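Take a look at the structure set out below.
First chain written, first letter: the chains are A, B, C and D, and each begins at residue 1.
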Amino acid sequence: MRIRVASMISIAVFTMGTSQVMAASVVNNNITEAEVEQAQQAWGKALIAISAAYSAGGHEQAEQKARQVLDAAYGYGHGAVLFKPTLASGEQTFRTSYDGALAYFVGGNATYADDSGFALKGWQGYEFNNAGVYINGDLALTMGHVMLTDKSGAVTTVDKTWGFKKDEQGDLRIVLHHSSLPYSAN
Amino acid sequence: MRIRVASMISIAVFTMGTSQVMAASVVNNNITEAEVEQAQQAWGKALIAISAAYSAGGHEQAEQKARQVLDAAYGYGHGAVLFKPTLASGEQTFRTSYDGALAYFVGGNATYADDSGFALKGWQGYEFNNAGVYINGDLALTMGHVMLTDKSGAVTTVDKTWGFKKDEQGDLRIVLHHSSLPYSAN
Amino acid sequence: MRIRVASMISIAVFTMGTSQVMAASVVNNNITEAEVEQAQQAWGKALIAISAAYSAGGHEQAEQKARQVLDAAYGYGHGAVLFKPTLASGEQTFRTSYDGALAYFVGGNATYADDSGFALKGWQGYEFNNAGVYINGDLALTMGHVMLTDKSGAVTTVDKTWGFKKDEQGDLRIVLHHSSLPYSAN
Amino acid sequence: MRIRVASMISIAVFTMGTSQVMAASVVNNNITEAEVEQAQQAWGKALIAISAAYSAGGHEQAEQKARQVLDAAYGYGHGAVLFKPTLASGEQTFRTSYDGALAYFVGGNATYADDSGFALKGWQGYEFNNAGVYINGDLALTMGHVMLTDKSGAVTTVDKTWGFKKDEQGDLRIVLHHSSLPYSAN
């Protein structure tokens, strides 16, 4: 529930014959910069959590965790998501469906035979560096570098764009996700 | 311009071989509660300013000031405004056009013969008491009591709803304004 | 679910080595003019339905029906609603809470002792005449006259402003409702 | 101006003692699917126009045309644009400023020494294949393949995400643009 009683916006005291003071009820459906930052952090933690689930319990636990992540952090429950994962290509470049996204993260789906499971790569750490943030109502867009560290300490940098939509419970959900490897002239 | 460089959202330092730090460019099109409060205060000040212009320079100066207020604070430049003034009725209840709004505030328009000029009533003070504020992207709605004080010290209370739209310059403009006298059972 | 597969937006056929054609998945969260009209009609029908329930089953059935209407057509489930009913006044002018709205429609609440139940007045028909409609994303505002006909054939005209918010199920919910009797100079 | 007089939304005829019919004034700030398609087509035409200007008049004419395109089709006039061009990398991956975008399209800027001018490559044709379109108020997101044909007939396919914002004149402007070469496992 996105309700706050914001007394600061009650400019004047209402005293129509009594001494009662009313405070304005405030509903605010907008996304804040702080919420964007939290949603990015949550994505990083979720990726590591899937990797950890895989180490601890194999593919089954990883898939279970990945489903939790997709349910909680992506918008597939409300329609198609515009998702271009880093390593997807050809006719399976875009994963607008839940199944396509799940296959990308944990593999094991014959329909997406090229997917080896991006989230199973033993990710240990993440860093974000936003080049830009664009907030428009209940939708926020971010673009920047994401640096992921695997168990060997190797860092993979990707160019990443996200679109987050705030849902009715006040949670941010990914409705757009374009990730690509940096361009190399060679 | 609604641009801010928000270093706080730069979660990670970008060090791809160098020590350069990038700060995210942030564009935020949303309305804040503080901006809503300021827009309400600006409306109150503008009403008093029209009354003062009338006292100082008669109808001509009042109309000039009213035009400035309509240009700066209302959205007629971008299309129809949903405006139901307190004392308008019949076929002229709704003033979706600029001319209808101007006539309501300063009168002097034969097409709106019942308009005596609401802003010419010698208003000296104003108070707001918002019952509720609803913010949805670049649009904010407020509902509450507005208490206007005239030169004799008499207070008129009206039930008022406003809709403010943030324009590309970052200014809030009234696109909805429904004002009505309190219901009396007698 | 607000998902449509819109083949018309698939500008080009994707033939990367195959003859497969992809159609774009489209999610559109916006309100249309047709949806606004339907929501207004639904409000009119609901008012008559409460009146009919009262005739058929007394206060208990009327309250049951009013609760259904509030649950289905208003936004109280997501926070405060900016509601100024036609006949409410004083400190109870604004009904930002569910209980205040219910009391207005069907009475029977000692906290709102002046409420006799607006929906219990035997309403038989309704007509809308919008002076203006303002659509901004998932929020639409309307302003105009509403003419309600009671069982004696008498017509009551009110000046009415509504704000409709489209929820995640695609249903429009009233988040703003300002109703007032026409101003009379006498 | 986004004003239409929509008689269809005038549900009831207002006849308060007269036979006058009022039609509702409608302001609609939302983006439609058709507008998204037009904006994509406009981008394709603009790219070819810059190539043609280069062939006809060299770098000076190309830059002049590119500035027209950036002014008309991108949102740099309202703040930072989230732009990740196809062939940009390293610390210059993201072109949130006008100068960075211009350098990418036509080169000739020592600050962006790696830019050879993407729009100068003799582009002759374009096709779009949207995988998904997400419309949220005055902002629309698209993701899909774009196929560009050069003068030799060779086709370059890129994975492309756009964000279009409708401005106050009703024109769509690119506020997000992430373009990347398809992932190759080899």
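Rule of thumb we're sticking to: a residue touches a chain if its C-beta (ideal position, glycine included) is under 8 Å from a C-beta of that chain, and two chains touch if they have at least 3 such contacts.
Bear in mind the structure is a predicted one, so any value in this text is a computation, not a measurement.
Looking at the partners of subunit B and subunit C together, the chains they share are A, D. For subunit C, the chain whose average C-alpha position is most distant is D. Two copies of one chain, subunit A and subunit B, touch each other, and the residues they use overlap strongly: the shared fraction of interface numbers exceeds half. For the pair subunit A and subunit D, the distance between mean C-alpha positions equals 25 Å. Chain centres here are Cα averages; for subunit C and subunit D they lie 37 Å apart.
Distance between chain centres (mean CA atoms), subunit A to subunit C: 33 Å. Residue positions of subunit B with contacts to 2 or more other chains are 14, 16, 22, 25-27, 80, 90, 96, 131-132, 134, 136-138, 142, 144-145, 175. Here subunit D touches subunit B in the complex through residues 1-3, 14, 16, 18, 20, 22, 25-27, 78-80, 90-91, 96, 137, 167-168, 175, going by the rule given at the top.
Contacts from subunit A toward subunit D in the complex involve residues 80-84, 86-90, 93-94, 96, 114, 131-132, 134, 136-139, 141-145, 159, 161, 163, 165, 175-176, 178, 180-185. Note for the complex: subunit B touches subunit A at residues 6, 8-14, 16, 22, 24-31, 33, 36-37, 40-41, 127-138, 142, 144-145, 147, 157.
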